Amino acid sequence: MRVLSSFINGVTRLNDFLGRWFSYLILVIFALLILEVGLRYIMGAPTVWTNELSQLLFGVYAVMSGGYVMAHRGHVNVDLLYSHLSVRAQAWLDVFTSVLMFIFLFALLYFGISMAMESIQSLETSYSAWNPPIWPVKAALPIATALLTLQCLAKLLGDLAVALNLAKPEDVRLELEGDNEH
Amino acid sequence: AQADDEVIKWKVQSHWPGSSSSYKDSLERIKKVLAERTDGRLQLQLFEAGALFKAQETFNAVSRGIIQMGTISPGYAQDKLPLAGVASGLPFAFHHVWEAVYFHKNMGFEDKLRAEAAKHGVYYSTDKIYPTEMVLKKPVNSWDDFTGLKIRSSGALQKFLTDAGAAGTYLPGGELYQALSSGVVDGAHWGASQGAASMGLYEVAKYHVKPALNIAGTDVFIVSQKALDALPEGMAKIVKDSLEEQFWIRTNQYQHDEQIALAKAEREQGVKVNVLPDDVQKKLFQAAQKTWDKEAERSDAAAAAVKDLKKFLTDLGYL
Amino acid sequence: MSIEILTLLFFGSLLLFLVLGLPLTFVLGGVSVVFLYFTWGFDSFYMVASQIWGTMGSFTLVAIPLFVFMSMILERTGVANDLYRMMHLWCGGLRGGLAIGTLGICAIFAAMCGISGAAVVAMGTIALPAMLERGYDKKMALGCINTGGGWGILIPPSVMMILYSLITGVSVGQMFAAGVLPGILLMVLTSAYIIIRCYFQPHLAPALPEDERASWSEKFGALRAVALPILIVVMVLGSIIAGITTPTEAAAVGVLGALISAATYRKLNIPLLKEASIRTFKLTGMIMWILFAAHAFSAAYQSMGAQTLMEGMMASIPGGPWGIIVTMMLVLFLLGMVLDPVGIMMITLPVFLPMIKAMGFDPIWFGILFVINMEIGYMTPPFGFNLFYLKGVVPPSVTMKDIYGSVLPFVLVQLLGLAIIMMFPEIATYLPQTLF
């Protein structure tokens, strides 16, 4: 049990930590767009790079959120049936439905890696006027999927422990700051 | 090869939206032609832009054999095809469509592209060659008018327009109309007349600029070599021959349709043709040559192609 | 296997796993992958990864985190609360006044933003707690945000209308103009519903008690609270209309306005920015992962031959032009329950439009009917983006059952609006014909 809860806590803290840093990208995206508007409207000199850079950063921002949102149990679901079940029944149900979840994550991981490797090998660029490298953004997809998969694995192991009556739900879930607000 | 009487279905990812004239005139045409010539044994299943793969991913999907066929602009496969930059159109190189056609077909440029694509298991066949032309909210009558423009552009042309002194800026297609309407930008290019009309640009930009920014083989069919090899005896040749024939029919037809679209815009929407003054054209031609030289630095193949091009233009008396 | 049976199994599995409580993004993604495996093979999973990569590169979506960020700042600095206090003082005597005020703010949001997700999350954050605090019924408050939040695609600017124009070849400007009156109609109808319902059932949206009603000087004093929100609206709308920014960039102008507001309230500091950033990240992540999987889901359905199904269905409808139009509306409504709007567009329009044109109907009018159907699709269970975005922001005391339960009367009101526009096409066609 100790090993299990330290795995769960470790993964959750990792995603929480990374998420906090990635969340500041919104400030960068905001600054870039305002800069572009200013340069274009006031100076009459739009740049070739601000909009594209903010779009690339947004891609990283969006995809990297997966693990963080999972760590905070923020991926929404329908709780119609759920709320009528006992804690153990909920855990069993989650173990069962997680099969579908892992199938999705596996497909994403497999071809995300394949896409990223192809991109890294050719050091792919966007071929726009600015032509920045886009392989780091493509690489973000499998990295983010891996982080999300780890968090889902932590949840699965926790659910199994609860389902088999080896642990209580609160033992296999790390409560994080900000979990009960939005 | 598969049994002779079996129906073969190919998934075809287009880079044209369903409403685009090319979706009907190019894609549905080739579907019909191939069905006829194979007695219905080769069926193309068409998908609109983005339905399965977005345009930038279509070459990869065909190369991996996940779908059998697609249409792209060569610009979407620049990381795989070093010559794609030249193929997507060097600015202010050709004056007439036939010149670009001659360069492609008679001078062997398309064969070189085909060889590059073949390395990735893809058969490359140009759908048509056509011009890319700008529409503007206000006409250009002097060099100052040109350098004061903010133009929605993309890729190599955006770089060219900016280097030449205007302000090229990228906006996604979905925001183009709004941006042009409110004056975020003064002009844009989306194909030529038919493209501008399909995006509603003539509603808000009344000047159609000539000459073309470039003339190039910007629409291309790509076919998975694996899928071609799996066809029954003789059918691969039917596919290739039909695509070759398509190039000639569509390139000619497209010029006709362009003129019709422009005439209609002039008649019904009050669009005026703005021919760039001679000094503006001259300055743009000089700026363009710098862009060609930069494109030539990209690879040995590109350098050779640009060299061929310069020789051709010299022979024609343009350089 | 035929596409009819595949369709049943495909959406049946979606429904099953939704009810079993698996998060939506995994249901959409997982069902897509499983069905792709059996209809196309292992390699097709590449399409799922590729669709997500495509969604990551969509510049228009950048507006979502920016508008969410703006709302988070407005909420935490107290601007939003002051705004609702002001509305309560002014409309205090009117039952349901806050709900109608909320609809008004939704309409303004819709005029600022071409997509709908950001508005729902923003209003869920700002308006829902404000209404609940003042004794409003959960379902009334939820339903009104669910409805108003979807107007972003009907009131211009609208990314959905631009897509429709691109697919059909009608004028974007005319589509935009056509959306204005139907948008106002839906707002009037929804407000009327709230007023009538709350008149008979006052407990749903209590008026301010007599003794708490404000004097005129208090009312005018509270008006200061609207100065900053109005500043933001003017900045955002002004920059779009004056041609300073595109709608996506305008979202950044909205953030700038929110930062100015925070500074005016003397609340602009590092902890505020940190907190707003992390909350925005969590909500945007929730939205984006749903979109990632939803796009894969649509692509999977299309690859199975959804369009063939449409063609087959539409070929066998009796009942003349109006029978066909009504059937189309029904198909769109049903698809809206289970599929995302862009997917619906790609599946249905290539089949519907030639028929619409052949029957002599105005494609602009049909476009408005289409967009309203998509707006309704955002709010209908089991799969409606608005519902899930709301679920992502509501306090734990509000369950999905509450949210689903709030939908019905509001959908009926929107359907009434749809029917009115079907009967009186001028509501949609008057402005575009006058202006162009």
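In order of appearance the chains are A, B and C, and numbering begins at 1 in each one.
Quick note on the criterion: contacts are C-beta pairs under 8 Å (C-beta built on N, C-alpha and C of every residue); 3 or more make two chains touch, one makes a residue touch a chain.
If you're wondering where the values come from, they're calculated on a predicted model, not measured in any experiment.
> Linking chains that touch, what shape results: line, ring, star, complete or other?
Shape = complete; every chain linked to every other.
> Looking only at C-beta pairs in contact, point me to the busier pair out of A-C and B-C.
Greater number of contacting C-beta pairs: A-C.
> Taking the mean of each chain's Cα atoms, which chain ends up nearest the overall Cα mean?
Taking the mean of all protein C-alpha atoms as reference, the closest chain is C.
> On a CA-centroid basis, which chain has its centre farthest from chain A's?
B
> Measuring from the mean C-alpha position of chain B to the mean C-alpha position of chain C, what distance in angstrom results?
A distance of 36 Å separates the two centres.
> Round to the nearest whole Å and give the separation of the Cα centres of chain A and chain C.
It comes to 24 Å between the two C-alpha centres.
> Residues of chain C that contact two or more other chains, please.
46, 50, 53, 57-59, 244-245, 248, in rising order.
> What residues in chain A touch two or more of the other chains?
51, 115 - these are the residues of chain A that touch more than one other chain.
> Note the residues in chain B that touch 2 or more other chains, in rising order.
Residues 60, 171, 184 of chain B touch two or more partner chains.
> Under the definition above, what is the set of chain C residues touching chain B in their complex?
For chain C paired with chain B, touching residues are 43-44, 46-47, 50-51, 53-54, 57-60, 157, 159, 162-163, 165-169, 171-173, 240-248, 299, 302-303, 305, 346, 349-350, 436.
> Report the residues of chain C in contact with chain A in the complex, numbered from low to high.
Listed in rising order, the residues are 17-27, 29-34, 45-46, 48-50, 52-53, 55-59, 61-62, 65-66, 69, 125, 239, 244-245, 248-249, 251-253, 255-256, 273, 277-286, 288-290, 292-293, 382, 388, 391-396, 399-401, 404.
> Spell out the part of chain B that touches chain A in their complex, as residue ranges.
60, 75, 78-80, 85, 148, 150, 153-156, 158-159, 162, 167-171, 184
> For the complex, give me every residue of chain B touching chain C.
By the definition above, chain B touches chain C via 11, 17-19, 45, 47-48, 50-54, 56-57, 60-61, 64-66, 171-175, 177-179, 181-184, 198-200, 203-204.
> Which of the residues in chain A come into contact with chain B in the complex?
Within the complex, chain A contacts chain B at residues 40, 44-46, 48, 51-52, 115, 118, 122, 124-125, 127-129.
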